[in-house]
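Next come two complexes, and both contain subunit A; in the first it sits with subunit B, in the second with subunit C.
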Partner chain A sequence: MHGRLKVRSTAEQEEARRREKEKKVLWYREKNESIFAKRAAGEKDRDTLKLTEEVLLENSDVGTLWSYRREILTELLPTCSQEDSETMCKTELNILERCLRVNPKAYCVWLHRRWVLEHSPAPQWAHEKQLCDLFLNHDERNFHCWDYRRYVIRKAGIPPSDEFKYSFDKIATNFSNHSAWHYRSKLLPLLHPSHSSSNGIDENAMKKEYELAQNAFYTDPSDQSAWFYHKWLLGRGTRGTMIGCVLVRRDPAPFIAVSFNQNVKSTEEEPIIVTLGDALPKPVTDSGRFESLWWSCDLVFPKDEEVTVRIEKGDGVLVEMSLDKGSNSSLWLTPDLDLLFSTYLTAATSEVLDSELVMCRELLQLEPDNKWCLLTTLQLLEAIDYDKHHKEIIDLYDKLVKCDPLRRGYYNDLRSRHLIAVKLRRRLEERRESPDINSFDLSQLNLSRLYFTQHMVFIEDLLLNGNKLNSTHSLEGLKNLKSLQSLSLADNQLITLPKTLGGLTNLKSLSLENNDIKELEDFDTLRSLPELKELNIRGNPVCQLSDCEPFVKKMLPNIKLIH
Partner chain B sequence: MGTPVKDVELPDRPELQELLLEKHASYIETFEKNKDDLDYCMTEFLRVSGIYWCLTAMDLIGQLDRMNKTEILDYVMSCFDKDTGGFRPAVNHDPHLLYTLSAVQILILYDSVSLIDKDRIVSFVSKLQQPDGSFVGDRWGEVDTRFSFCALATLSLLGRLDAVDIEKSVQFISSCMNFDGGFGVIPGSESHAGQVYCCVGSLAICKRLDVINADQLGWWLCERQLPSGGLNGRPEKLPDVCYSWWVLASLSIIGRIHWIDKERLTQFIMATQDDETGGFSDRPGDMVDPFHTLFGLAGLSLLGNRQIKGVNLIFCLPQNVIERLELDYELLKE
Partner chain C sequence: MAHLPDDDLPSSFDIVIVGTGLIQSIVAAAAARAGKTVLHLDNNSYYGGCWATLMYNDLQRWIEVHSKEVTDEDESTVVTQLNEDEVSVKCNLSLSDKVTNLIEINHSEEEEEEDKGENKTDEEALVESVPINEEPTSNDAPDMPINNEPIESKVKVTWNNLGNQKKRFNFDLIPKLLYCRGEMVDIIVQSGVSRYLEFKSLPKLYCSNANHEIIQVPCSRADVFTSSIVSMLEKRKLMKVLTFCAEYEKHETDYQEYIGHPFTEFLQSRDLTDNIIQFILHSIAMVDESETTLNGLKATQMFLHSLGRFGNAPFLYPLFGNGELPQGFCRLCAVFGGVYCLKRSIRELIVSSDNKQLIGVVCTTGQRIQCSSFVGPAGMLSSGSVSSQRISRAIFITDGQIDGMDEKISLLTIPPASDDSPASRVSVLQLDSSTLTSTEGTNMIHATCKSFGSSAKEDLEFIVQRFFSTCTTPSDNKPRLLWSLYYNLSLSSCSHSTETDSSRDVKSDLPPNVLMVSDPDDTISYEACIHEAKKVFECLYPDEPFLPRMPDSEDIIYGEEETASSDQLAGETEEETSANQKNDEEDQHNDEKDQEFDEKVEDTSTKQNPEQNDSI
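== the complex of A and B ==
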């Protein structure tokens, strides 16, 4: 039940209401009983139509009563004259309209209306469209009516251009009409298709839509619908699959890891295929996994020999590399590091990005604290050149957190992703020049979450101290760090130890200094780390416990504990 | 200028800052006993779902034993339609996917699935799948992504997902995706948080969350939070407690629950308690009902309230009940 305000009343009013309700319950039950008795007896006549009408006008949500009416009409309509059946359908539509006026969001009423029109000898689609106009004037967001409208339009053969115009009129009346913007997004590709543009929509038509969105921004810059629409025009920010790096290692156990720019699945239709040397290609399907790092320890490399490795996935994803005789590991890095981290507004050309940026900057002059404009500006900057505009982007994120604190979690994550992208790209470029680089410094950045860790699969030494990492999900990415030997999580906000730590089997040294870990049992996770030699837990509440040291030492007998 | 933000103000009532567990339990208990109440009568057409809301709410606050198990199971079983294999919402009414899921949820909650002929239900559900992968709710042919969820969740709970075409189910759901990353009732329909939950839940059951653009959808979902702390179901709509569930569960499935302000949402949900009668309403000051009581409690559970049992994101049953079944589904972590 929605939107029923609780009202206070006197004892007298209360008593009168109680009696009235009691009467209504009796009435409702009696009517229903006789209806269901008739139905059980197989009665399908006009009296029963009358009876169900009475109840439905009181309670139009009862789907079964509408079903019963359909059963009766199915029986009666074929036996009537054309005129008579037209009248019956008309009556039915009248009842429906009365119900809709009271209860415009009843699924079964709209369903029944469709059924009646499908079974009418002469359905009046023009009238139905008028009904939609009327109901959408009354409630411009009623999605039942919008869906019914699309059905009527299809049935009536009304061209999409008329409806495109209608969506414009609705938007012009109220720029906040998300339903109308939505409708536009469905009609635009139908009306202005293009084979040459990247999103299948004609570029001139797109230009007009940018203008429309801009008009909306200038009328009310805090209307979210136009901003969502604008983001859609620019493109979803998705791209095809590409490989970031491939790590191949002989010792201590044969290991191969492939990092992708997004989560992938290795399915039967599109498996990851690995070919080692002259061996046969091996499709590796593991449909359960959906991750950005794919790895395997199942492969056998020929000992002390050079081995070539070929990775394929779908069309156009292909890496060929080799592991030299005598060397233990080899790392392949994509030549397109830029692409790997850049956000990509699929639908927009660089001229569009530039002109939209100009528009946003102008709007920001008038509305310096408008979060929608701040976010769009920074997304445009990221798409244009995230490295070059790094400083401005960070400032914009900081400002967004202040202007729209409810969504700080969202902005902080995006900010972390941007920062890590910038740092990691630079680090990978350095790594390309000096193969002995295996450390990475992400300390003191106020990171709220780890991103792109799949491309850090070769990193042995990682500094994450001085961030705002506080929960299991913020550290989920640790699971990709398959080469990690030393990790600092000092000066974060960890309350508990993430389970993902237990998977870092090469880890030798771990610092958890100055966090908020309270429970000794948490350290149980670390038991699965055979190489762990040094553990720093100084500055955690857990250190105050009298049995802290003996407990941890008993659990992890071979480590040096700093507490 | 455009329209002002639609929202509500939270009443300044310290007595609502506490979770009124005992009041909620007694509200639900009385609701189910008070069969002559007008609201109870007028909502007969969804009775089996109503029972599911009540039972799950009670189990989440550890009060399930206050409900009459024998009577309830008898009633639910009397709603089983032997001809089709579906469940009716109430005796005399027609069987439908919506109530079939609710009935199965009740049977699972009471660990009583052995009472039913699973194969009959599986056959009812699988016959409702259409060539395009969608599901109709019953023989009248209404298509809705809610029904996709009901079908897939029912089959998953019964361990019989193999009975339908999963690939086509996924294709149909994908065809309902919109410009804002959300999902609607049918292809072409506007995004709505309730439908988003149904589609995201379905994809999680099918282990096909790869279909979703999680950042885009997560953004749209976290924008449902209003200054009052409450969540709405679509842009420019009023906040409503039931969306605490639809939005939060969707965000959790895609690993982005921290994109909203949990504390503020908690305050909003708490303010929808009725400290006289018990129960939760859609918005502060409105009439309470079992539907919003369940989703208020389930929302608080997702927000980490320790007084309430953990709730399963996909099936909206207590997590310990789902763990008993060892179901397989997908959650996004990155």
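== the complex of A and C ==
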């Protein structure tokens, strides 16, 4: 009919496309084969450069081919004249740019570009910066390009103030941009250095950044990038090492235990040295690596004599204490219990914390279900005073679990951490007043995991019944309880017995009542507990097994089994 | 009027369309694309009718024509021979009463008079004027420029001394914008008309507040984030309501009780500040205060969905002006065999007295053409349901941007004021030379509103006082007004129904194969127009697809057992598609424009129709 277009049918189109594709695949395979043959033969000439170029322009994401080109160029460049090598590098950059236009997120292409510039006789940094501008205009979240940009800027010597402005422009166009916020975090200390503040950045400059983040929160509170930046601004728990408690005990087996607020490592530059009188006991954990508890046993204490223990780190004495000749054990406790349990948001001053809390609370009124706002409010409260705001913090955790059920495990762990911190701090204060206190009640708290067990090294009687402890992972901390004699894990959700139980050599009584233990073989762990006298396994599926009692009795002949 | 015999057109078409307004042009393109033979006529010497963008000379002619008193041509003397079973329906050819209150002001004359007067009394005035006028050219070089330009730049830009440059102005009779996510963009991309067009994006919107200050409207997420004119709390509330509007259908219960109520009432219920209600109502939704909640929500949603498609801008503006759009569709129609003839219309419809169906038309040349459908502009026939609305227009040419509107191409909305001018919302569109509608160093500023006073000048003159510097009210930080034009347009609109004939009969006594289309509406967008074009096409050809996607050029099969004429057509299409293949989507960033576009349209139509002759 007049004016009608004749168009290929879809079947014809597909057939044509298939043929086209087949031809291309064949071509690609042939080229690749000949390249690899050349490489095997060690050929490093310009023809091979040409050949790899053809293939790479079709598919730039082949690291091996770029690497082969580097081999060839390394061979060729030193033999060339200055002018010739300049042209070669220029050609190389040209090819790279064409590849990037097709695939701007190829790791090996950006990597190769860096290599070429390193080997180029006259690198044009200004042009490289323009290239970055171009690619970041095209996709402001191309982190490959952001990374490359940082490299170029360093080489080109562009002042951080320009780049700081650039990062703002990118954030202004679209603030859902982790790369741009992150770039700010790198530039701030360069642009506004300060010796007085704890994170090395000028307070006034920080204030502006808080405002910027706040603008983003109010515009779109569910965007995580600004919240991450905010958390970085407030600081993320890089604190000095401090000792929580030191326990020295004579009986039954002499030992020294030192608990730290975080995982520490004894290095050559900054060794942690514990001296016992004149001796240097070695920690049980080998090679100077230990976590938050330094522990040494199998010691020989001079009989009926005073024992002095000194702990040094670097060139300072952290703790010096003694165990009187008459007494069996001695516990040193840090005077700064407040600091012991704080981890988050440590860089900010208390005024900043307070003002940020006011901001978050206002936002929370408008967005009562926003998880980022809930979490930040909560962490600010914890940083300001976790004990005083205890009730509000727990409410916020409950809310978080409801608003964001997919991450309830994470929130429950944080909640457990907070609860244990509050309880343990009180217990340590009480213990300071009355040295007889050796028990600790953490029952009925819905705990999902144990925290701070290194500071519980002196506890002999621990109640963990009525929680939600369910895995080996959640009970990992048990290994630090070196003095433990009685442990109740009743009414939890344990399926197996945690291996860490095997290390509690002083344990006399263990209750596993009302858990979900199914396998008799699990009790094998308990054979390494010489003192164990009483075991309660009532209310576990394992009790239903007909050979339960004889099996356990045979395995653990000296205990009183309650089932 | 005498006509040569070879001026005759082919004697039979599937459809005859009169008027090259946008709706007719879209229908013409769609009909040609569906394989229909199309005759497209326009009484004017230019394309577009009310939708046209006129060059300076055409505008002068337009002003001349519309300033005259309407003189009815004595049409009764023309007699067409009819068969017995035929009835003739006369068409109304004089549509010149559509434009009224035309006033053109050349401000350079006022200034020259004043300069003369001042020269006599105070010679310093001329000396003082030099540094002020030097400013635009000396922004990066404080020293005297070395090239030859300074002599020219020292001369104060006036309308008179623009001289030949005036030819480079392109005047939109009715300025409009395309929503980036609107149907117009989809249609031009799908149909391939986008290959003939280029666009500039309009990234910033401004609003005038109660103190007549111009403020940037925070409308996108990025705007809200960077805006300093709204408080933190307002930011959150604004974002919340915008997020709601973007997907309002999902929260029906939240707005149900306001469906029939004004949009303002709904906004007030969302606990928003007045500031934000003004932004949303006038600058984002761009609806009247009385508009219903549902329409307000729809308009807001269209705006929001448009953000982010082509950058952060909600709107596109076509290079060379809005008149490019009807021309683009005409060109598509011509590529698919449509026959074009300007300066020609029809004077009569011929209706069969048996079944009241249209069977043909009589051209203004007296030629009788057989056709099975007819589409014409509202008001062409005395019958048919037509309503009319009056709008006020002003076009200003200035020597700079409006103070406070930093973006070169931008839209300012002035909300209606209860105690002050204006009484209805005014849209002010500022265009610079990058849109190729004004020359380097000048800006074209369009103002449009629904008429509320007695004339366009009365309605829109307040803009001059508020934003421009004139002889009577000189100001340093305001752009100088060089030229202005005021006019009122009365725009007709007809209602269409896609229902079957029964409902059509109720409102219309037209033959069922005769359809009328509306003039442009008073909104800034093309949405209603596309909607109407689709409806008209659906009435005409209910079983044909509306402007289906253009096939890829490599999938078109050429030259197999085709007649000579369609070989020519196929060759044409190949040339079109391959030349424009690289522009798969419209590229609004490309500043260069095919200057020969107008000639090309002419070429295409003459090639298709060698008999055509529009130079009478």
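FYI, the second predicted complex is superposed on the first by the 443 of 563 C-alpha atoms of A that agree within 3 Å, B and C clash if a C-alpha of one lies under 4 Å from a C-alpha of the other, contacts with A are read in each partner's own complex, and residues count from 1 in each chain.
One rule holds for everything that comes next: a residue touches a chain if its C-beta (ideal position, glycine included) is under 8 Å from a C-beta of that chain, and two chains touch if they have at least 3 such contacts.
These figures come from a predicted structure and were not determined experimentally.
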| item | value |
| --- | --- |
| Partner chain(s) touched by A:263 [first = subunit B, second = subunit C, both, neither] | first |
| Touched partner set for A:476, first subunit B, second subunit C, both or neither | first |
| Partner chain in contact with A:62 - subunit B first, subunit C second, else both or neither | first |
| Touched partner set for A:219, first subunit B, second subunit C, both or neither | both |
| Contacts of A:186 with subunit B and subunit C, given as first, second, both or neither | first |
| Subunit B versus subunit C as contact partner of A:13, first or second or both or neither | second |
| Partner chain in contact with A:150 - subunit B first, subunit C second, else both or neither | first |
| Which superposed partner A:172 touches (first subunit B, second subunit C, both, neither) | second |
| Contact residues of subunit A, present in both the subunit B and the subunit C interface | 1-6, 174-175, 219-220 |
| Touching residues (chain side subunit A, partner subunit C) in the complex | 1-8, 13, 171-175, 214-216, 218-221, 362-363, 366-367 |
| Subunit C to subunit A touching residues, read off their complex | 32-33, 35-37, 221-222, 224-226, 232-233, 235-237, 239-240, 312, 336-337, 551, 555-558, 560, 565-566, 569, 573 |
| Sites on subunit A touched by subunit B in the complex | 1-6, 21-22, 24-25, 28-29, 32, 36, 39, 59, 61-64, 67, 70, 107, 111, 115, 141, 143, 146-147, 150, 174-176, 178-179, 181-183, 185-186, 219-220, 222-225, 228-229, 231-232, 236-238, 263-265, 287-288, 290-292, 405-410, 413, 471, 473, 476-477 |
| Complex interface listing, subunit B residues touching subunit A | 1-3, 5, 36-39, 41-42, 44-46, 89, 92-94, 96, 140, 142, 144, 178-181, 184-186, 188-192, 207, 209-210, 213, 215-216, 218-220, 222-223, 225, 227, 229, 234-238, 240, 255-256, 258-261, 264, 274, 281-283, 285-287, 289, 291-292, 330, 332-334 |
